[in-house]
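Take a look at these structures.
There are two complexes below, and they share subunit A, which is joined by subunit B in the first and by subunit C in the second.
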Partner chain A sequence: MLDFLLDKKGFFVAATRPKTHGQGRDTERQMSYVRALTCKECAADYPVEPRTVCENDFGPLEVAFDYTAMRGNVTRESIQAGPDSLWRYKDLLPVEGPPRAGLRSGMTPLIRADNLAKKLGVKDLYIKDDSANYPTFSYKDRVVSIALTKALEFGFDTVACASTGNLAHSVAAHAAAAGVRSFVLIPHDLEEGKIVGSLVFGPRMVKIHGNYDDVNRLCSQIADKYNWAIVNVNLRPFYTEGAKTLGFEIAEQLGWQLPKHTVVPVAGGTLLPKVWKGYREFIELGLVKDNQPKMYAAQAQGCSPVVEALRNGRELFKPQKPDTIAKSIAIGNPADGYYVIKIVNDSGGYGAAAQDQEILDAVKLLAQTEGVFTEPAGGTTLACAIKLIESGRIPRDEPICVCITGNGLKTVEAMQGQFADVPIIPAKLNDFDRVVDELAQQPAPGAALTSPLVSVDPPTPRTQPTAATKPATP
Partner chain B sequence: MTNTTNTQQKCWLTFEGGHQNEPCLWKMTVEFPDVAFDIRQASVQKDIGIMAVLFTGKEDRVTAAIQYLTNLGVKVDPVEGGDLVAG
Partner chain C sequence: MSDSVTVLIPTALRPQVGDQEQISVPGDSVKQVLATLNTQFPDFGKRLFKGDDELNRFINVYVNDEDIRFMDNLDTPVKPGDELSIVPAIAGG
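Moving on, here comes the complex of A and B:
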């Protein structure tokens, strides 16, 4: 059993490791099950330190765990005895001591979306709603929780990032709560409205003359010279592990089962491979049955290098210049795009891309059927899920999970012009009666999805089409 | 004034739009024989090629060599960079 203490804010935090954990293992490694950092290309091992790429082939490094030692110690019961946050999966995360950040992050709702399912004609549809993540309403609160905790374990006194959106908000907020200095680097010409969401948490913000690539390049140099923790640069192997918790939660909240089909937005390519890794780890530990889950990539049409490669059967993607309303996933040269393509193909999934209007329609559809207001990235994921369903790539009678990764209240400007004018009337009951009659003529809520969703290649039937794979008739 | 400090730079080179069929690195070495390149991994397909390359030389020469490749149409990205999101 885990022992728990109340932290300063009244939340339970794990105080000690399970008593049985680490028996027979050397003292230095008793604190976690981390074995090493391993190159994803050549499998070379490196010590656990702020290091990002392999010296041999520059392949990305990933945290490797000792699953043999975990087996029998990391159980459904040990997880359920943990706190009501992503830290209930601490044994599967690359953290040695107690959590130092994000004590209330994670464990976001998994919504059984019956209204939306009925609308789409599918049987079991779930929305993993990270628009409700804490404290900054996006999935980035997961990865930053781990990165900031690891930064403090490594002894960094400053955390930083180059971002203008969800990542910047999360880094600034978590750093403020942890009492750590933070820096946010942004291009000099960024709109003021995007800056406030970070500045309110009190980071040091620096505007850099140049474009995004210039800022990114500078970040690498800063990490080297100043010995700062740039969460998505020199702490990337640890940061990305936080994304696994999205997959862990889906499985646990589904009653220790995996959805057959998981649709994930793709930006830099962190999330999809890590949700997959989370699924595989639960399977490896015997916590869930291997039902051969399939992973699907969702991108905006205006920035769809991964989906374009999937459609054309290529292992490599061509970088693109982003042009989409879904700015939080607008990465034209995704660092982990290659691995997204590999996992999607290995799992038997596919990819879809959505036009901007389809994205906005899907935002409205989700809001008007399930009461969830997501940012355009979430609209992208849902719009792509619909395309995959309509094309028969995702069967209508198998469990589907759509990952919603950010909150629409952060990007209300994206929805401007999407709604009819709001009537203004005198304060008289007769006028109100008239307006009620007029409004009754308008489409009912939930009828927002108006544009036809097309352009996903239907699957090639292996034999005769079955009820499960046959493209649905509208 | 030139910077004569020795440096090493790890880069991803992306070749597309026909550049995957051109000897871009050879052209670079003709112009910059004092900049060494070490290909650590490469993947070349019909319409795109990607290489992980370590450049070694005097700092200003490495910078100039990388700029030369960029001018040829090769996309050059630092290996150790993060994802910068515009939203």
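Moving on, here comes the complex of A and C:
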């Protein structure tokens, strides 16, 4: 039987699949290791179709795989033989035929952040940098790659989403490339960069009066009425599986090892449980050793229902009305909040929330130590990681991975007022000499960005470049 | 104006209410409206509630577009002409 993989340049190439995947498996008919959609609450199975909740209890449906059949067939070698994109993990994704979207998405840099580590007084710090994701510079390119491929497999001609901006970008871009119509629904008050960055791809955009949770509720009702592939509603079980690839990449790029501590931003709660699922699948398949990794949730203080529940020892969150500069993670009623809380607790992790100014300071700190410009969501994650380190929740001598999920160039308005005025001078050397003297009196970049509890040693120049795919030592 | 509350039923619950998209139900509070529906359609009630007074955590209820958890939960008052939406919680993100 033939299957299709992508080569290093993203071209389809025929590849021979194992002839048998397991006892009783219909290898001529099945192209993937997907077993069914299964309710996470009552374990009822459903056929693989556009469906997101269980009829019995409204619990979320999740893609269930046949790991027994995978064992021995899905290996480090089989993955490394795949393309330099998230599709190298196709065997662990719910796709039947060849990839049809996001052929160059994923495999973003995992940066060994030595400068930042020194600043924070920790030993091993890694930044998983999805601000460099392709084509729309956020982690959403992962989930949309899978959802678009699945939408085309199901025969939809229109894709849609409820979005805080990044998802709209990604859906619009992938839909344009795939030649299908897209509708993107967003809150009315998003940053201009998020609007333009979507409109340029030609989607039908609708702004909804209200916050993301209002948009999301409307989208659920739209899904009942229109026969569209709403990627984060009726295609959600497939869409969310794409988020696992962030966890897969972290493990592979660390040299087939898991970081002990992973800090993840929480908005709707898709990402953290799926990074965790990715880690667990690699452990299950024997691709990495089980080092009992711990998961940590990061939220903005102005929208922190999950962290609030973690702090108060509750298994259920109370919804909030978001009020934060980190608009891309301003979801007060997170669909998967319950599971985030459960996984964080089960793994022995914790959560933290950051104020708006702390978020902006962390954006600057990451930029001025590692050369990565993230949006406020990424600033939130780093600010929370710092809080977790300072409070002793994350030990300073164990490997830490901070997941940066979006790009700061989309949200430049958020940084207004954060920098001193830039001097304007005549084109004369004397004036330039004067400005150089004046600037020398100012603090060095990043000097004011560390708290009293953090090491204030100056950052050291990086001695070796960090490559996207080069395994780092955890 | 109708003397009842209009309840919008999501696709997944329509088989339990005779495939109706919306139902007019009298009542002064969310609890009363849903209790009336529960009496008329016991299978619907079984899926909607976890216990007597606890909604299934995977279902959100809105009165005129506002989540009842920001009001008085099941005790949130309703009046004739209000719209009560039952929406699956698992969406978005």
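The working rule: the second predicted complex is superposed on the first by the 398 of 474 C-alpha atoms of A that agree within 3 Å, B and C clash if a C-alpha of one lies under 4 Å from a C-alpha of the other, contacts with A are read in each partner's own complex, and residues count from 1 in each chain.
Methods note: a residue touches a chain if its C-beta (ideal position, glycine included) is under 8 Å from a C-beta of that chain, and two chains touch if they have at least 3 such contacts.
None of the values given here were measured: they were computed from a predicted structure.
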Clash-or-fit label for the pair subunit B, subunit C on subunit A: clash
Touched partner set for A:232, first subunit B, second subunit C, both or neither: both
Which of subunit B and subunit C A:321 touches, first, second, both or neither: second
Touching partner for A:253 - first (subunit B), second (subunit C), both, neither: neither
Between subunit B and subunit C, more extensive residue contact with subunit A: B
Touching partner for A:217 - first (subunit B), second (subunit C), both, neither: both
Contacts of A:377 with subunit B and subunit C, given as first, second, both or neither: first
Touching partner for A:411 - first (subunit B), second (subunit C), both, neither: first
Intersection of the subunit A residues that touch subunit B with those that touch subunit C: 41, 52-53, 56-59, 162, 212-213, 215-217, 219-220, 223, 232-233, 236, 267-268, 270, 316, 318-319, 331, 333-335
Interfacial residue positions of subunit A with respect to subunit B in the complex: 41, 52-53, 56-59, 161-167, 212-213, 215-217, 219-220, 223, 230-234, 236, 267-268, 270, 314-319, 322, 326-331, 333-335, 375-377, 411
Subunit A contact footprint on subunit C (complex, rising order): 8, 10-12, 15, 47, 56-60, 62, 65, 67, 69-70, 85, 87-93
Partner subunit C, residues of subunit A touching it in the complex: 41, 52-53, 55-60, 162, 210, 212-217, 219-221, 223-224, 232-233, 236, 240, 267-270, 316, 318-319, 321, 331, 333-336, 338
In the complex with subunit A, residue positions of subunit B that touch it: 10, 12, 14, 16, 40-41, 43, 45, 47-48, 50, 52, 54, 75, 77-87
